[in-house]
Amino acid sequence: MTQALINGLVLGANYALMALGLTLIFALMGVLNFAHGQLYVLGGFVTYYVFTVMGLPFVVAVLASIVVLAIVGFLFDALFFRRVQQRSAREESSMLLAAGLALLLESLILLGFGEKQRGVALSVSGVYQIFDAYVPASRVVVFVVAMLAVVLFILFMRHTKPGRVLRAIAQDRDVTALQGVNIALYSGVGFAIGSALAGLAGSLLVTIFAVNSGMGTAISIKAFIMVMLGGAGIVSGAIVGAFVLGMVEALGYAFLPGSVTYLVIFVGLILFLVIRPNGIMGKPWG
Amino acid sequence: MIRSNQVWAFLILALVYIVGVPFIVESRYILGILASAAGLSIIALGAWLTLAIGRVNLGQGAFALVGGYVVAIATTRWGVSFWLAIVVAGFISAAVGVVLGLGILRLRGVYFAMITLSFTEAVRLALLNGGEFTGGAGGISRIPVPGELSLLGVTIIPAFNSVNTHVASFVLSGVLLALAVLLCWRISACRIGGVFVSMQQSEELAQSVGVNITHLRIVAFGIGSFLGGIGGGYFAAAQQSVYPGGFGVPDSVSLVLYCFLGGIGYVAGPVVGTFLLFLGFQFLQDFQQYQMLAYSLLMVALMIWLPNGVLSLSEAGWIRRYRSQHGQAGAHHAG
Amino acid sequence: MQVEIPVTSGQPPRDPILTVENVSKRFGGLTAVGNVSFKVKEGEIFAIIGPNGAGKSTLFKLITSALRPTEGEIVFRGENVTGLSPHLVAAKGMVRTFQETTIFRDMTVIEATRNAHYVTGQAGLLGIFFNSKAARQDLADIDASTDRILELLELRSVARERSKNLPQGRLRALGMAMALAAHPKLLLLDEPFAGMNSDETDQMIGIVRRIRESGVTVMLVEHDMPAVMRLSDRIVVINFGKKIAEGVPEEIKTSQAVIDAYLGEEDEELGI
């Protein structure tokens, strides 16, 4: 039981990174980024490549993932989303563009890194005992780094000028534009940060779960669950949703047979959203 | 309004396709992918009906699974004729859609999309964990090909194993698709279609002139689910097997993409989109490992340059000029 | 065919078509509408006015059932319609317009008006789908009704225009045409004069009068005082969610409570 709870905490912290990235992009663009899972996968592969293939320190690998993903995110916005949003008023267009980009990114990852499953063994020695559970030190590292990033993200959004501008855009794009803010630049920055968070999650979790080029959609779906559960576009909601999913998943895998866990999660999510579409932290309907 | 000469033109086109293609195309492989494209088009038309009332429906994969399993279980376990089973499959899918729709159709945007996406996953996982009843991960195989359909001793449709099965499957897919197009065409061209357009643009406004939006949303979603079930039932018989991974979230998303890339303003949109992209993907096989890259680039390029779909080309200046000179009107324009 | 229906305060009272009785709406601790009552008589042009944020639009939503009142009753033609689903309220003959009708951008005026005839006719969905005899009769009725409505609202000349190409005044008239398509007994207009110049205002006043002459009672919620004073038979003034005055235009113009309420509004002219 304690083991499952601790696994849930470690998962939850990393899921929070993914969910925060997704919810930031949702708040800015009003769209669920179907390519989010592929961004995560790319983050994992970059870390694998820099750490295992090039033999550079893990810290460098993590930083490389963040930088690469930030650039990819910025380009996604500048090359694709901006154009489609200018041309089409329907929000579905952006959603489907994201789905198309997911496929594009997936095929690029497949070409760049091959179809083999890749993992990273983090050589941090030591095991901690917490009550009756054993936690490898590498997981503690992953947990601490993830939590640190979550805190940094929140501080950035609250206390820096770019963070405040991003929040203003999320609240009312048109009004913010009237105040002379360069919306195009900032939505690019927002997309870059959101993608970098997904990449960081991939970079950290690749030490626990191996990545392969085809798993992006499954990861996206997980991120969607967290964001919808907590309340779409709400920072605190993303964190709550992530920890709830991390816990439920860890407990489910410990006590339920195989895929029943996710069956329960999906049925539960449908019922929950029917009753409370705005999520745990969102305003109730009406 | 649909003019009768448009209907005749459509029927002749459908007949030429259904009868003509098997004469020209000898390759079983090509006949097979054409039939699959037609089957997918039927399911995509269902997604299109939900788009018509302004909902992104990522649940069509689930309804196709339901329809496929109904046909599989009814024909293999209970010896029901395929012809009865596929109709039942459509209605069971529709019933599931109505029950789900009662709960979720008041939601819009990402909320509706997300719930229907969850539904696709939930159905897949339920079938995976269904034990002996659904056959688990392996699903149900050895589904018999459609048998003879006769009325008062007169054979209407011969048993598929007594003729060329591949041609028979192709013809079946073509006929089902033609019927599905006629259904959606009629809906979008009559007053109901006009009301759907109003609802898609503003449910509040539609309600203000007396439209019972709750009722009509259920009708649209129910018919969409029906088409999903029919399409899934067709695939069960054509491929003679069903399994939980047969339709998943990526398929549900693709089906909506087909609608958009074909053009959601047109009844023919989902069909054109499905044929173009599904066949396009197959024919890009020459690119080998670059197949998926080429396909996704094609898709993203279409979204950027033709955000209203391929059929929106028919509204382009030069075609309009041509038309006004020759006095023709667009055949498949919805609404 | 100018048929003047003389409606003044001196007339014997007719049956109320709409009775709003002690209606309140609270959001949390905030009272948007507090204990408002009034009656709209059959055949009159009735206006609700008030400064910005006075609770007019909340009241409008309560009457059309877009919101459910916390307390009180809405009685339409002798029937309690409080909390009824909006489409049923519309089907009973109380139909509203919207300020913005820019949404049917690609429809022509005639298409949008035809399309709004949802409650017309006998055919059910299956009848419409299979083009039954009843459905064909309905279509003929709809064409005739559309024709009448476009004539009444002076929209004939722009019948084939797409709504996105219409000027503001015509667009507003199209919104009213769509509402009339539901065959209302009582037409509720949401700020029909908002954003209009004086020519458009004059034209709109003419249109509203003709709608009344065709046998439809009109109630409007409005900001534009001069237009309301010219057009209305009776007026209710709302401020801070409460009724502060009721009467014929002359009484409203001289009411001290109304003058005080509007003093706070700098860009607002009182039509005196």
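Letters A, B and C mark the chains as written, and numbering starts fresh at 1 in each.
Going forward, a contact is a pair of C-beta atoms (placed from the backbone, for glycine too) under 8 Å apart; a residue touches a chain by one contact, two chains touch by 3 or more.
None of these values were measured; they are calculated from a predicted model.
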item: Chain of greatest Cα-centre distance to chain C; value: A
item: Winner on C-beta contact pairs when A-B is weighed against B-C; value: A-B
item: Identity of the most central chain, Cα criterion; value: B
item: Rounded Å distance, chain A centre to chain C centre (Cα mean); value: 49
item: For chain A paired with chain B, centre-to-centre distance based on mean C-alpha positions, whole Å; value: 33
item: Centroid spacing, where centroids are CA-atom means, of chain B and chain C in whole angstrom; value: 43
item: Complex contact set, residues of chain A against chain B; value: 26, 31-32, 34, 80, 83-84, 87-88, 91-93, 95-97, 99-101, 103-104, 106-108, 110-111, 217, 221, 224-225, 228, 232, 257-260, 262-263, 266-267, 269-270, 273-274, 277
item: List of chain B residues in touch with chain A within their complex; value: 51, 56, 103-104, 107, 109-111, 113-115, 117-119, 121-122, 125-126, 128-129, 249-250, 253, 256-257, 260, 289-290, 292-293, 295-297, 299-300, 303-304, 307-308
item: Chain B-touching residues of chain C, taken from the complex the two chains share; value: 64, 66, 85-87, 90-91, 95-98, 103-104, 107, 111, 114-119, 125, 128-129, 131, 135, 139, 178-179, 181-182
item: Contacting residues of chain B [partner chain C, same complex]; value: 186-187, 190-192, 194-195, 197-198, 201-202, 204-214, 219
